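The letters A, B, C and D name the chains in turn, as written, and every chain counts its residues from 1.
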Amino acid sequence: MIEMFDVWKTYPNGTNALKGVNIKIEKGEFVYVVGPSGAGKSTFIKLMYREEKPTKGQIFLGGFNVSRIKERQIPLVRRSIGVVFQDFKLLPTLTVFENVAFAMEVIEANPKQIKPRVLDVLGLVKLKHKAKMLPSELSGGEQQRVALARALVNNPGIIIADEPTGNLDPETSWEIMKLFEEINQRGTTVVMATHNREIVNTMRKRVVAIEAGTIARDEQRGEYGYED
Amino acid sequence: MIEMFDVWKTYPNGTNALKGVNIKIEKGEFVYVVGPSGAGKSTFIKLMYREEKPTKGQIFLGGFNVSRIKERQIPLVRRSIGVVFQDFKLLPTLTVFENVAFAMEVIEANPKQIKPRVLDVLGLVKLKHKAKMLPSELSGGEQQRVALARALVNNPGIIIADEPTGNLDPETSWEIMKLFEEINQRGTTVVMATHNREIVNTMRKRVVAIEAGTIARDEQRGEYGYED
Amino acid sequence: MKIRTLGRHVREGVKNLGRNGWMSFASISAVAITLLILGVFFILAMNVNYFAQSVEKQVEIRVFLDVLATKENVQQVEENIKAIPKVASVTFIPKDEGLKQFKESLGEKAYLFEGLEKDNPLPDAFVVKTTQPQDTSAVAAQIKKLEFVNNLNYGEGTVEKLFAVTGAVRNVGIAFIIGLGFTAMFLIANTIKLTIVARRREIEIMKLVGATNWFIRWPFFVEGLLMGIAGALIPTIMLAVGYYYLLDAIHSSFEASQLFKLLPLFPLVNQVALALLAIGAFIGIWGSLVSVRRFLRV
Amino acid sequence: MKIRTLGRHVREGVKNLGRNGWMSFASISAVAITLLILGVFFILAMNVNYFAQSVEKQVEIRVFLDVLATKENVQQVEENIKAIPKVASVTFIPKDEGLKQFKESLGEKAYLFEGLEKDNPLPDAFVVKTTQPQDTSAVAAQIKKLEFVNNLNYGEGTVEKLFAVTGAVRNVGIAFIIGLGFTAMFLIANTIKLTIVARRREIEIMKLVGATNWFIRWPFFVEGLLMGIAGALIPTIMLAVGYYYLLDAIHSSFEASQLFKLLPLFPLVNQVALALLAIGAFIGIWGSLVSVRRFLRV
C-alpha cells in the first residue's frame, strides 16, 4: 500500500528532516509513528500525501509513484487518503458542516448524498450540534474532531492522522481511537503520529519510532518506549 | 491573586461556555484545569487575560478588576501574565528569536538585556539552534515550545498555559513540567489547562475540573479523574 | 466536470462574496472608483473629439470667380467643382450676399466700410465643403486650376494649424484613455490580488484536501466576474445619471448651451456602459485567475 | 514612550516592508500608479490654465480717436486713459500703422482693399491693456466716456464668451483635480487597508501579548509613511523625466513649439513633487493608522 525507498528530506532552509527512510506498510495495517518533538514524524507523513516532495528516494502509495507524480495527478492521490492535519487546516470562512462537505464536493459526490453523510460523520465525532458554527467558534478539541470528520467522510482507503488526539481529553481520545480501530477493522490502512503513550501501550499495533530523521525502531504490537 | 465571582460567559452565537464560576487562586499556587473537550477550560483561561469579557460576574487579577477594566489598562494586565496559547499564536513573519523578543520589547525592556535573556529562555526549551527560523519552519512541538518561551521571558508573576504539552512527546512534556515546577517554586502562580492524565496524576497539585461550564471538582493534590 | 458541479461553483462564488464581506466591498469599491475615473475621461475625450470635429467642419473653401465670368461660365465652374472627388457640397454666393457676409464677419468694424455697397469690389463666389475636412487643401489645389477661378481662400496656413491642433488633441486623448485603461486594469487586478493573497492559506488547504486546480479556480472565476460587473455597474449608473443632469443643466442655460455643445446621452452612455462592463468583467476574471494560480502549486 | 523604543519602531517599520515583501510591492505600485495618474492630470491642468491665461492676455481694447483730434488732444486722452484704475498699458497706433495691422489681420483677403492707402478711412487709435483681462469690459466702458474717443473695439460679446469658456475650463479642471485627488486618496487608503487586513491576526496576537495600541501603531505608521513616500517618488521621477523629454521634443520641432506653449520644467516639477509626496505621505500614514485601528479592539 505505502512504500518508501531511501527517502531523504532536506527543507529549503537546510534542515535535514529525514535521512534515508525505508518502510513498507501493507493494506489494512495500523501503524503508530512515535518519536520526540522535531524528529520528523510530520515530515514523514507529509511526504505520503505530497504536501512535501522528497529530496531523494522513491515513495509509492496505492498505484502512484508519489515522488515522481505529475502535477495533475496529485489531487487523485490526496483523494485516496483522509488526512487529519496536526494544525487542523480547517477553512476559516466555512461552517463545520461546509468544511466536512467540502471534501465530498471535491470528489464530485452526488449532492443528495452529501448532507446525510456529513451529518453521520459529525455524529461519529459528537459535533452534530455544532454543524452551523465556524471553526473560530469552536474549542481546540472540537476543531480537531472536525478535521477528523473531514478525513473520514469519503471512506478513504488510507487514513493518515498527525496527532489526532493532541487536543483531546483522555475519554474523548479513547472514543476517537475506537473509531480508528473500527475503521481499520473494515480494511482501512491507518497511519497515526502520536505522543500518547497510554494509547500506544494499550491498543497494541505496529509502532514505527522515528528519531532524528531515521527509523530507530519498527515493531509489530510494539510499545511507546522512551521511558523516563 | 486571581478571583472569580459568579462568572458567566455566553458567546455571541449563544453558546453558554461558563455558567457561574467562583474560584480563588492564591499567589504562588499551581493549578491544573481539567475537563472534557469543549467544557470551557480555554474560556475560563481567556477571561483571566481578558481575551474574552465575561457576560456577567467579576474577575480580579493582581490589583485589577479585569471585568471592569478600562481599555487602556488591558495591556498592563496582560504584561503581568505569561500566556501559552492553545493555538500558539506566534507572529508568522517574525523569527523564533524575534517572537520571543517581542514580548520583551512590548514592556520596553533594555535592548541590551533582550538578546541574552531571549537566548537563555530558548535554551530552557531547547530551541536555541532554531532561533533564526520562522514559525512555519518548525514542527508542531517546536512551535509550542516557542510559545512557552515567550510566556516565560519576562518572568511574569502569573503563568497561564492552555495545554502546553498537547503537541509534545512525553519526555519533552516532562522537561517542560519540571520547568513549570521550578518557576512555581520561585513564587510564580501557574494555571494550566491540560488533558495529560499522566502528568496530573504524577505531579500532584490543585486540580480544578470544569464540566459543561461549571466547576465540578476542586481538590488540593487532586487526580485527573475521569477513569474510563 | 459534471454540470451539477458547475452549479456548485457558481453558488460558492456568490457565497464567497458574502463570506469575505469586507474584502469584497473593498475590492468592488476600488473597481468602481477606478472605472469611474476611466468613464469620466472617456466621456470627456468623446466630447473633446466631438468639439474638434465640429470646429473642423466649419472649414470651407471660398472660391472667388473672375468678374468677367458669365452665367454659363459660373454654371460650368460649379459642375467642374462638383466633379472633383471628395467635394461634399458647393453653394453659390452672389457678390451682394458675399459683401453682407464679409461685413458681418467684421462685426463692429463694419461701419468703416459703409459706402462700399455702391461699388462692390467683391466678385461672385462659391463656398465648397469637402467630405473630410482634412482634404481641404488638396481639393483647394485642384479648384485653383479651374478656368474662371480667380482666387480662393480657405484660411491657408491657419487651417493646417487647426488640423495639427485637433489631431494632437485627438492623439493625446487616445493616449490618455489607453494609458488610463491600462492603469485602471493594473489597479483593479492589484486589488483583487490583494484580496486573494489574504486567502492563500485557504487555497492551500483546498489543494491539500484533494481539490483540483480547476475546482478551486471556478468559484474565484465567478467571484471575480461578479466583482468586476458590480464594480462596473456602479460607475456606469453614476455616469449615466450625472451626464443626464449635466446635459439638462447646460440646456437650461442659453449661454452655456451656446458655448458647450455636448454629445447627446445616447449612444454615448451605451458605449461607456459597454466599455466599463467589458473591462470590469475581463479584469475581474483575469485578476482572480492569475492571483489564484500563484498559490495553486501546493 | 522611551526614545530608544521610537528607534525600535522605525527599524521595525522598515523591516516589515521587507517581511511582507509582496504586499508592500503591491501597495507601493498601486500608490505609484494612482499618483502617476493624478500627476499627469495635474500637469495637464496647469498647462491648460497657462494656455487659457495666454489667450486671455491677448484681449485688448482698441480705442479709435476722433479724426478731428489734435496732437494735444491725443496726449490728453492718453493721460486720461492711464489715469483709469486697472489699466496696465496704453500704446499709440497712428492711422497708417492701424491700416497695416488691419490688412495683416485680413490675411489673403487683403488684396481686396489694395487702393485703401491713398484714402485711409481709419482714425488714430490706442491699444489699451488691463491688469486683469477680466476687467476689460469695465475699463472699456470708462474709456468710452472720454472726450475725443469716437469708438472702441475689444470684441464685445466675443470676449465675454472667451472668459466664460476659460472660466469653465478652469473650474472643470479644478473639479477634476479635486475629484481625482479624492479618488486617489480612496484608492491608496483602500490598498493599504487590504494589506493590513491580511495582517489582522498579527495585530490581535500583538495585543494579546500585552502591546499597547501605540506600540502596535508606530511601526505601521512608519511603514505607511515609507510606502507613501516610495509610491510618490516613483511617479514624481517619471513625470519629471517624461515632461523634460516632452518639452525637448516640442522645442525641437518649430511647428509644435508654435502650437503648444507649455509651462517650463521649473517650478512645475517642484509643485508636482510637493503635491504627490504630501498626498502619498499623508494617505500612507492615515490609511495604515485607520485600518490598524479596526483591529485594535482585542
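As a working rule, contacts are C-beta pairs under 8 Å (C-beta built on N, C-alpha and C of every residue); 3 or more make two chains touch, one makes a residue touch a chain.
The structure presented is a predicted model; accordingly, all values stated were derived computationally and were not measured.
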| query | What is the minimum number of touch steps required to go from chain B to chain C? | reply | 2
| Of the other chains, whose C-alpha centre is the longest way from the centre of chain D? | A
| field | Gap in Å, rounded to a whole number, between the CA centres of chain D and chain B | value | 62
| note | Cα centroid separation, chain A vs chain D, in Å, comes to 67
| note | Whole-Å distance, C-alpha centre of chain C to that of chain D, is 24
| field | Graph class of chain-chain contacts, one of line, ring, star, complete, other | value | ring
| query | Can you name every pair of chains that touch? | reply | A-B, A-C, B-D, C-D
| Within the complex, which stretch of chain D touches chain C? | 22-23, 26-27, 29-30, 33-34, 36-37, 40, 102, 107-109, 111-113, 121-122, 151, 153, 155-158, 161, 164-165, 168, 176, 179-180, 183, 186-187, 190-191, 193-195, 197-198, 255, 258-260
| request: Would you mind writing out the residues of chain B in touch with chain A in their complex? | output: 11, 13, 15, 34-38, 41-42, 86-87, 133, 137-142, 145, 162-163, 166-174, 195, 197-198, 224, 226, 228
| Tell me, which parts of chain B touch chain D in their complex? | 49, 51, 71-72, 74-76, 78-79, 83, 85, 89-94, 102-103, 105-108, 111, 150
| request: Could you please specify the touching residues of chain C with respect to chain A in the complex? | output: 1-2, 4-5, 8, 16, 19-20, 202, 205-212, 215, 298
